[in-house]
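Please find the structures below.
First chain A sits with chain B, and in the next complex the same chain sits with chain C.
Then we have the complex of A and B:
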C-alpha cells in the first residue's frame, strides 16, 4: 500500500516537474491577480478584512486552476484505466490528495510574500497567519480532491469543477478569511484553525469511503 | 394510505392553530405567525437533505440491488429539499424585511441556507452533466454524501461561531423551545404536518418515477 502511494506520488511529481502545467498556470494566475489588485488599490493600505478577503480569493481561484488537473489528466491521457488496474483505489486517492496538498502549499508559499509585498500588508502575528493559511489550504485540498475525481468522470471539465467545488469549499474559505483577518490584526486564530482541521478531517474520512465508488467502474 | 389521511388531519389543524389559537409574540405582533410556517419549512429542508443523503449511502452500499428505486428516492428527496429551502428562504426574507428593514442581511443563518441551496444547485448541475452516463447514480450519490458531510458545518456550526441577529427560540444552545405553551403546541403540530406532507410528496414523486421508468422500459405496452 505504502509503495503504491509513494509510486503514484512520485509519478505525479515527475509529470508535474516535466510539464509544470498545474503550477505554472496557478502561479501565473496568482501573480496576475495580485498585481491587478495592487494596481487598482493604487498604494492605499486596505483594511484587515479586505486584505484577508482578497488574499483568499486570489489563493482559491489560483488553486482551482491546478487542483482538478490531477484527475482530469489521467482521464484525458487515457491512463486512468491503467491506474485502476495497477493501484488500489485508496493508494490513488492518498497520492492525489498529498499531491494536491503540496500544490496548494507551494501556491500559498509563493502568493503570501508576493501579496504582502505588493499590497503593503503588515501581519501582526506571522505565526498565526501561517497557521491559518496552512489549515485553510489543507481544507481546500481535502475537499476538492474527491470532487476533482467526480468531475473527471463527468467529462465536462473546468466550469463544472468550480460550480460543484465552490459551495463545498465556502465554509472553510469563510472561516479562513476570518482567521487570516484575526492574524493580520494580531488576534487569536485557534478557533478558526480548529474548525478548518475538523472540516479537513471529516472531508478526508468521507472521501476515503466514497473514492472506491467514484473511481472503480462497474 | 395512512400518511395521506394524517396529512389531511394535521395540515388544516396546523393552519387553524397558527392563525386562531396561538397568541402573537410580544414586540413581534402578527409577524410572529410566520414562525409556524418558516420553521417547519426550514426543518423539512434539513430532513429532506438528511433523507437524500442516507438514501444515497444506501444506494452506494447496495451491491445486490435490494433497493431498486433508491436512486429515484434520493433525487426526489433532494428536489423536495431544494423547494422547501427556497420557501424557507423566501418566508425568512419577508420576516427580515418586516423586522430588520431589508430582505437580505447576510445573517449567519441566511448565509447558511443560501450556501445549502448552492450545494444542491451544484448537485443538479452535476446530474445534468452526467445525463446518459452509467455512472450517473454513483457519482451524484457520492456528491450528495459529501454535501451531507458539509451541511452540519453550515447549519449548526457557522451560526454559533458568528454573531447572529436571528431569534433563537427553537434552535439554541439550550436545546429547548423557548415559547409559550400555546405557541409551542402550534409549532409542534405545524412541524408534524409539514414532515408528513414531505413524506406524502416524496411517496408521490417516487411513484411517478416508477411509472416513468416502467414506461421507458416498455413504451408500447
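Then we have the complex of A and C:
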C-alpha cells in the first residue's frame, strides 16, 4: 500500500513539475489578487479582521483551481481508468490528498509574505499565524479532495467545484479567519486550530471510507 | 501473481445506461488456461463487459464471482490479479514509457525492471525513455499491452488488442498470447477475426 501511495504521489509530482498547471495558475491568481487588493487599499492599514478575511479569500480562490485539477485532469485526459486498474482506491485517495496538501501549503507559503508585504500587515504572533494558516490549509485540502473526485465525473467541472466546495469549506474558513485575526492581534489561536484539525481528521476519515464507492464507475 | 489459478463466473450480467439496456443475461465461466472472445456489433457493450469483468465498472444486474487460488474474492475484482489493455485505459502522456511502467509496477508491488524484457518483446526498447505524447498510436498500443501483462496477471482482458498494430506487432502479440495461454485466463473483445481466432470460446453480444 505504501509503495502504491508513493508511486501515485511521485507520478502526480512528475506530471505537475512538467506541466506546472496547478501551481502556475494558483500563484499567478494569488499574486494578481494580492496586488489588486493592495492597490485598492491604497496604503491604508486595514483592521485585523479585514486583513484576515482578505487573506483567506485570496488563498481559497487561488487554491480552488489547482485542488480540483488533481482529479479533473485524470477524467479529462482519459487516464482515470488506468489509475483505477493499477492502484487501490485507498492509495489513490491518500496520494491525491497528500498532493493537494502540498499544493495548498506551497500556495500559502508564497501568498503569506506577499500579502504581509503588500498590505502592510504586522503579525503580533508569527508562530500562531503559521499554525492557523497550516491548520486552515489542511482543512481546505481535506474537504476539497473528495469533492474534486465527485465533481470530476460531472460536466462544467471547474465552476461546479468552487460552488459545491463553498458550503463545505465555509465553517473551517470562518474559523481560520478568526484564528488568523487572533494571531495578527497577538491573541491565542489554540481553540481555532484544534477545531480545524478535528474537522480535517473527521473529513479525511469519512472520505477514506467512502472513496471506493465514488471511484468505481456505475 | 505468477502461478495463480483463477476462475471467473459471470451470472446473468446486464448493463443499462440511463434508459438504454446495453446487454442482459450474459453468463460465462472462464478458468486458467481458457480463453474467450467477446464479439458483437458496435455499441453492443463489448468494452463495457470488459470493464465490468476488470472490476472498474459495476453491472446493473447479475453478479461476478472471482475465485483466486480457491478463495472467493470481492465483487469489485482482485485488482492485482487482473491485467487490462483497452482503448479507454490510457497511460500518462507527460510520462515516458518507462515512467508509466515504473508507476504501474510500484502501484502493483512489482519490480519495474521486470518490464525490460517486455519492452524488448514488444519492440519498444528504443522508445522507452520517450514521453508518450511522442508515441505513435501503434507504440501506445504496445505500451498498453506491456502495462497489462507487467504483473503476470492470471486474468488478462484485451479490448481490441490488434487495433493500431502493424503486421509485426500483431505477430508479436499473437506469439505473446500463445506463451501466456497455459497459465492465464484470457478475454479478448474484438470484431477482428484474427484476434478472435486466438480464443477457444466465444461470448456473442447481440
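The definition used in the following text is that the second predicted complex is superposed on the first by the 217 of 218 C-alpha atoms of A that agree within 3 Å, B and C clash if a C-alpha of one lies under 4 Å from a C-alpha of the other, contacts with A are read in each partner's own complex, and residues count from 1 in each chain.
Keep this in mind: contacts are C-beta pairs under 8 Å (C-beta built on N, C-alpha and C of every residue); 3 or more make two chains touch, one makes a residue touch a chain.
Model, not experiment: these values are computed from the prediction.
When both complexes are overlaid on chain A, the residue A:147 reaches chain B alone and has no touch with chain C. Shared-chain residue A:91: touches chain C; no touch with chain B. With both structures placed on the common chain, the touch criterion links A:47 to neither chain B nor chain C. Residue contacts after overlaying the shared chain place A:39 against neither chain B nor chain C. Of the two partner chains placed by the overlay, only chain B lies in contact with A:160; chain C stays clear of it. Looking at the shared chain after the overlay, A:77 reaches chain C, while chain B stays out of its contact range. Look at A:190: by the touch rule set out above, it reaches neither chain B nor chain C.
Using the contact criterion defined above for the overlaid structures, shared-chain residue A:199 touches chain B, although it does not reach chain C. By the touch criterion defined above, A:124 lies against neither chain B nor chain C after alignment on the C-alpha atoms of chain A. Taken together, the two complexes place residues 217-218 of chain A in contact with chain B and also with chain C. Of all the residues in chain A, the ones that touch chain B in their complex are 143, 146-147, 150, 153-156, 160, 163-164, 166-168, 170-171, 174-175, 178, 191, 195, 199, 202-203, 206-207, 210, 213-214, 217-218. Contact residues on chain A toward chain C in their complex (touch as defined above): 3-4, 6-8, 10-11, 14-15, 18-19, 77-79, 81-82, 84-88, 91, 212, 216-218. By the touch rule above, chain C contacts chain A in their complex via residues 51, 54-58, 76, 79, 82, 84, 86, 88-95, 99, 102-109, 147.
Every residue of chain B that touches chain A in the complex is listed here, in rising order: 60, 111, 115, 118-119, 122-123, 125-126, 129-130, 133-135, 138-139, 141-143, 145-147, 149-150, 153-154, 157-158, 161.
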